[in-house]
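In order of appearance the chains are A, B, C and D, and numbering begins at 1 in each one.
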Amino acid sequence: MSWNSFGRVFRFTTWGESHGPAIGCVVDGCPPGIALSEADIQPWLDRRRPGQSRFTTQRREPDQVRILSGVFEGRTTGTPVSMLIENTDQRSKDYSEVARAYRPGHADYAYDAKYGFRDHRGGGRSSARETACRVAAGAVAQLVIPQVQVRAWVESVGGDAIAPTNFDEAEIDRNPFFCPDAAAAARWEERIDAARKSGSSLGAVVAARATGVPAGWGAPLYAKLDAELAAAVMGINAVKGVEIGDGFAVADARGEDNADPMRPGSGGATPDFLANHAGGIAGGISTGQPVTLRAAFKPTSSILTPVATVTREGIATEIATRGRHDPCVGLRGVPVVEAMMALVLADQMMLHRAQVGSSAVEVTTGAG
Amino acid sequence: MSWNSFGRVFRFTTWGESHGPAIGCVVDGCPPGIALSEADIQPWLDRRRPGQSRFTTQRREPDQVRILSGVFEGRTTGTPVSMLIENTDQRSKDYSEVARAYRPGHADYAYDAKYGFRDHRGGGRSSARETACRVAAGAVAQLVIPQVQVRAWVESVGGDAIAPTNFDEAEIDRNPFFCPDAAAAARWEERIDAARKSGSSLGAVVAARATGVPAGWGAPLYAKLDAELAAAVMGINAVKGVEIGDGFAVADARGEDNADPMRPGSGGATPDFLANHAGGIAGGISTGQPVTLRAAFKPTSSILTPVATVTREGIATEIATRGRHDPCVGLRGVPVVEAMMALVLADQMMLHRAQVGSSAVEVTTGAG
Amino acid sequence: MSWNSFGRVFRFTTWGESHGPAIGCVVDGCPPGIALSEADIQPWLDRRRPGQSRFTTQRREPDQVRILSGVFEGRTTGTPVSMLIENTDQRSKDYSEVARAYRPGHADYAYDAKYGFRDHRGGGRSSARETACRVAAGAVAQLVIPQVQVRAWVESVGGDAIAPTNFDEAEIDRNPFFCPDAAAAARWEERIDAARKSGSSLGAVVAARATGVPAGWGAPLYAKLDAELAAAVMGINAVKGVEIGDGFAVADARGEDNADPMRPGSGGATPDFLANHAGGIAGGISTGQPVTLRAAFKPTSSILTPVATVTREGIATEIATRGRHDPCVGLRGVPVVEAMMALVLADQMMLHRAQVGSSAVEVTTGAG
Amino acid sequence: MSWNSFGRVFRFTTWGESHGPAIGCVVDGCPPGIALSEADIQPWLDRRRPGQSRFTTQRREPDQVRILSGVFEGRTTGTPVSMLIENTDQRSKDYSEVARAYRPGHADYAYDAKYGFRDHRGGGRSSARETACRVAAGAVAQLVIPQVQVRAWVESVGGDAIAPTNFDEAEIDRNPFFCPDAAAAARWEERIDAARKSGSSLGAVVAARATGVPAGWGAPLYAKLDAELAAAVMGINAVKGVEIGDGFAVADARGEDNADPMRPGSGGATPDFLANHAGGIAGGISTGQPVTLRAAFKPTSSILTPVATVTREGIATEIATRGRHDPCVGLRGVPVVEAMMALVLADQMMLHRAQVGSSAVEVTTGAG
């Protein structure tokens, strides 16, 4: 089944292939009266845009977004916001090799197995190009929850991690790696350059934090905030693992070490927490602490080294990627993770408001 | 928002609190004509049932399931299957302490923040007791996809992992830890006993594998098989991390090492894979390889050691759990993970059938 | 596909067959803190209950509802409210005739065509008995929107209509026909008695009005308030037509006659309307006027006169209904229509709140 | 809440305003491998297109559809089909009057009450222009269920009905009124002309019939085929009533007269029906007979006669429509009703296939 919509009340639907005339998305359920123009969306797209440094694919797309509906006199009307991004740099190269044989690690074989055939040009619908639509929708979501700040960064590249003590949020935007550790950024430059030159690729871990999420968002039991975030992030191309809070480290911990003790809040009625192992979520509901997660991005499967594969007819062959590709696709995952977090949180805010109304006291608690 | 239904066409809805008269679930969308009786469900519930060894909570619940609808003359009719499990051992103990102060690590504070109050008896709706309903629903799901075998086990307890070379599937059911490594099981017995005696608790990793999943199940782009599994598993009580295939290890890998090369299938038209780093899913669609995942369970927050907390009125206090609890709640997560996998897979099978019909050739491929 | 849930954020799921051990429903998404006990639901069920007069089926069911979850210390907790009603008068009569041949006008053949077989005892899942669950869920919905009063009545029986000038709301509860016209009620008594004695049955029109619905509920474009009401009411057993406002009469009207002119509101900022042809809904959104609708109920197909039919094997035969039945099933539709209206309106209130928040000014306008 | 998606597995989402740059829709869930190009959709749009005769609004829109995604080498890929229609004739007229005062009978006041403001240009999102998107989506749906033929026509205009004995399906496309009765068409020409010249408007009844629907489509209990059709049709602009089969006439009937007797099928295993009062649906499930429905369209509220209204500030005023309008908007409802029926039926076919798989024997029965 094709399922190209996400969200329960704040919803978006994306469409488009890597090499079609355009891609786009429709954001439905957006509250009315929000100031919105292309200028609110473009900066987010620009962060994800390929071709900006030698560390990402050299496909050059302006990714200029156009709003086609849902905005009147500069404000959202409450009706669907349709956004369109033209594809301009879909090279008329020869795709016969990709059409002929399955690229291991890509969705080629799976799509064929599902649908009997596929649009093989540049990965078609399974291309990471689709994530531009998520970023555009996420930019709208950010405006729906102005009280929340979502921030993601790269935590490790090919196994080389940042030093937590070096973490400097301001550094994230100063290098092409979304790296909050200047020393690590310098190392990564060499590392990614080497991978790029040798036609190899590197995995990465992206971490994210949403601050300003009040206690009480989320939904017992099958729209838990952590479950929704897990789906949102695992659904991003190349992601193979998701952690909330301490993630897999909790499996090695004892109960005493994993507790997030509480104390009377310094600022008033709401408590403070002395730790945040839980990543700001308990029982699927936000606690008022920062919501934190991590995602593992695999190294892109588009590499120069030939890999054994088969043709559509089942004949043994090899395939290598000669086209443009990302040496570390996780880098461009940063704005996508931010977008998906914002989309989940906006949806959950609205769901919470639906059930509880304005009687809900929105509080954020002192973080651990 | 309360959201107690899961699934898109094969759906289930659960209800009930830890200390109410009963818990239950309604399975909707089940294909007609499937032989079904309580005897098909009870064995799955018995695997999850508490009080069977000293390594799980001593609450003694027979967890006897009763089918109230949707079955006629021993076969499903295609209408909703309602199942009910009575609560029999909800002790009339004094809950005033839990009512008064928030248990850190539990959902107490989050529920209060969301709803203004909560059923505090035994955790109310956030109790792991709800997972019995998932297991019952999962037992039905298993019957919907008889071609698929779902198997989960515990891979590590408190940081002590099995040796992959010792893996013996038959061993899983021979010890109370769902441990496939007899040597590890022996170590865990001591380890968990020690935790239990000291009133502490241990985290665990549960791993799972579904074999027999044909290539082509899944849904681009927002109901990807891996995203659905991630939501399903992250939504289980105490889970803080989910991995598909190699999971976080891919972040440290290079593209050459992470490929799953293909070769002409030994058995006929479908290819074989030389590895399964991807966990049987590419582009959100199954590849015909085994679908594999891992989940990190935190140590239960119910421990004897007092933890700093606050009362509902915001006064500083301490709380310790004197009641029955699981020293390693991950153990009982095994049948729950299996159930959630089966539920996702049954749903995706039906979604695939909806879109593609019987023209879909169902193939499973040689695993790596 | 079996689809036994209704609603988008305020949702309910029903289960159970006419002759199973019980029927029930799960209401999900209910706001927390609402005072709720069986005593709030039972009166609504009692209005629908069979066997109360000779004008309805003689099956005697106490329809005693039991709340199994979602309520703590007398208030809703925000988690699912599970309600159960036992079947007590499912006679152990011989169903072999119904099993053998299809009753024309019933769902027998359609169910068999869909599922290959069916629970034929008393209509199984297609029995009007299921509507008890709708009424129970509707009683909860009523509590969610206390500002709204939903009222239904019978407007005609077998073509004999009330006189609009005789309309007296207080009369509705004074006769077993939910008839607001005392003179018509007297006529209907004879008419229905005659039908009952001759083993025939009569159709009916049920009308309903919801007052207190503020302007602004509803959802452009595919969850329009009128479309949702149409689905809710058309989905009630035996309903074959639904009208909003003037309904089919508008097809004969001219634009000048069908306008609902507006004038400055007597009571303040909101306008008054000089007419309500539209039934309180424009563009799928409530206008603040009373929301009005009508539903056509067919005469039940259970009659003494033998009707030509076929057996499951395709052999020509005849069938007549010898069991208990309703001579005018539309009568018992009154509380069901009320319930479905309340359920739609509660859902739409919550959806509106989700998108617009508390900034929405809730106003009701002077009715035409 | 804004809710611009329709369908459960075969889904479409529409966007766009009357006077924005474009309108469009995204069809999701479409089976793969269906031959599809703009040429398959354009003829359906042309039937709905305004400005083709003096009997519809004189707005001239080519309504040229462009497919932007989901089709590769002439066939659907199973991924979303995005379609876009540019608005070309949105006149730069002065909308200040509509902005200033509410047009009674239009959605102006309701939208303002809901959202606080609205795009008033040409009705914005509530314009009937949106129905072009439904027709485009419906054209795709038709291709998904080639075994089904959906046909609609106008049955009465301003109270002047066709003579059933004159019904000639071939006539429908020979006049600009979709009228199957040549004599009635001649009368309507005069009638509509008169209304047009006097600046008045007329209501209409549209009838529709889907043949080739096999027995077994539909969904107990809250996605009943008739309930889905009712929502689909009631949600079309200007519709105020929906009937399935005999509709409101059943309320006047007796059980003996309303039965659809069955006899052994002439053609083989499946039965024939001697009548079709039920409109091809029993218990929410198709019976294999033609599915029939009727819809009441109100006269458009855009008339020359001034109507009392209020300004946004609540001041009494009058408003008349001087712009282009449809003297009988029901005429253009014909292709929209067909589209909505096709969309519901395609969705239900796929839902049925999801639950029952290929084991379902698809049969159509002899019609009454």
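By our rule, contacts are C-beta pairs under 8 Å (C-beta built on N, C-alpha and C of every residue); 3 or more make two chains touch, one makes a residue touch a chain.
Remember, it's a predicted structure, so these values are computed and weren't measured experimentally.
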{"item": "Per Cα centroids, the chain farthest from chain A", "value": "C"}
{"item": "Pair sharing more residue contacts (C-beta pairs) when C-D is set against B-C", "value": "C-D"}
{"item": "Separation of chain B from chain D, taking each centre as the mean of its C-alpha atoms, in whole Å", "value": "45"}
{"item": "Centre distance in Å when chain C and chain D are each reduced to the mean of their C-alpha atoms", "value": "25"}
{"item": "Whole-Å gap separating chain B and chain C, where each centre is the average of the chain's CA atoms", "value": "39"}
{"item": "Touching two or more other chains - residues of chain A", "value": "1-5, 8-9, 14, 29-30, 32-33, 78-79, 114-116, 125, 220, 351, 354-356, 359"}
{"item": "Residue ranges of chain D touching chain A (in the complex, touch as defined)", "value": "1-5, 9, 11, 13-17, 20-24, 26, 28-30, 32-33, 68-70, 72, 75, 77-82, 114-119, 124-125"}
{"item": "List of chain A residues in touch with chain C within their complex", "value": "8-9, 29-33, 78-79, 220, 350-351, 353-359"}
{"item": "Chain A partner contacts - residues on chain B that touch it in the complex", "value": "1-6, 8, 14, 102, 104-111, 113-116, 125-126, 130, 156, 158-159, 195, 200-205, 214-224, 226-235, 237, 240-256, 258-265, 269-271, 274, 277-279, 281-288, 296-303, 305, 307-310, 314-316, 330, 348, 351-352, 354-356, 359-361, 363"}
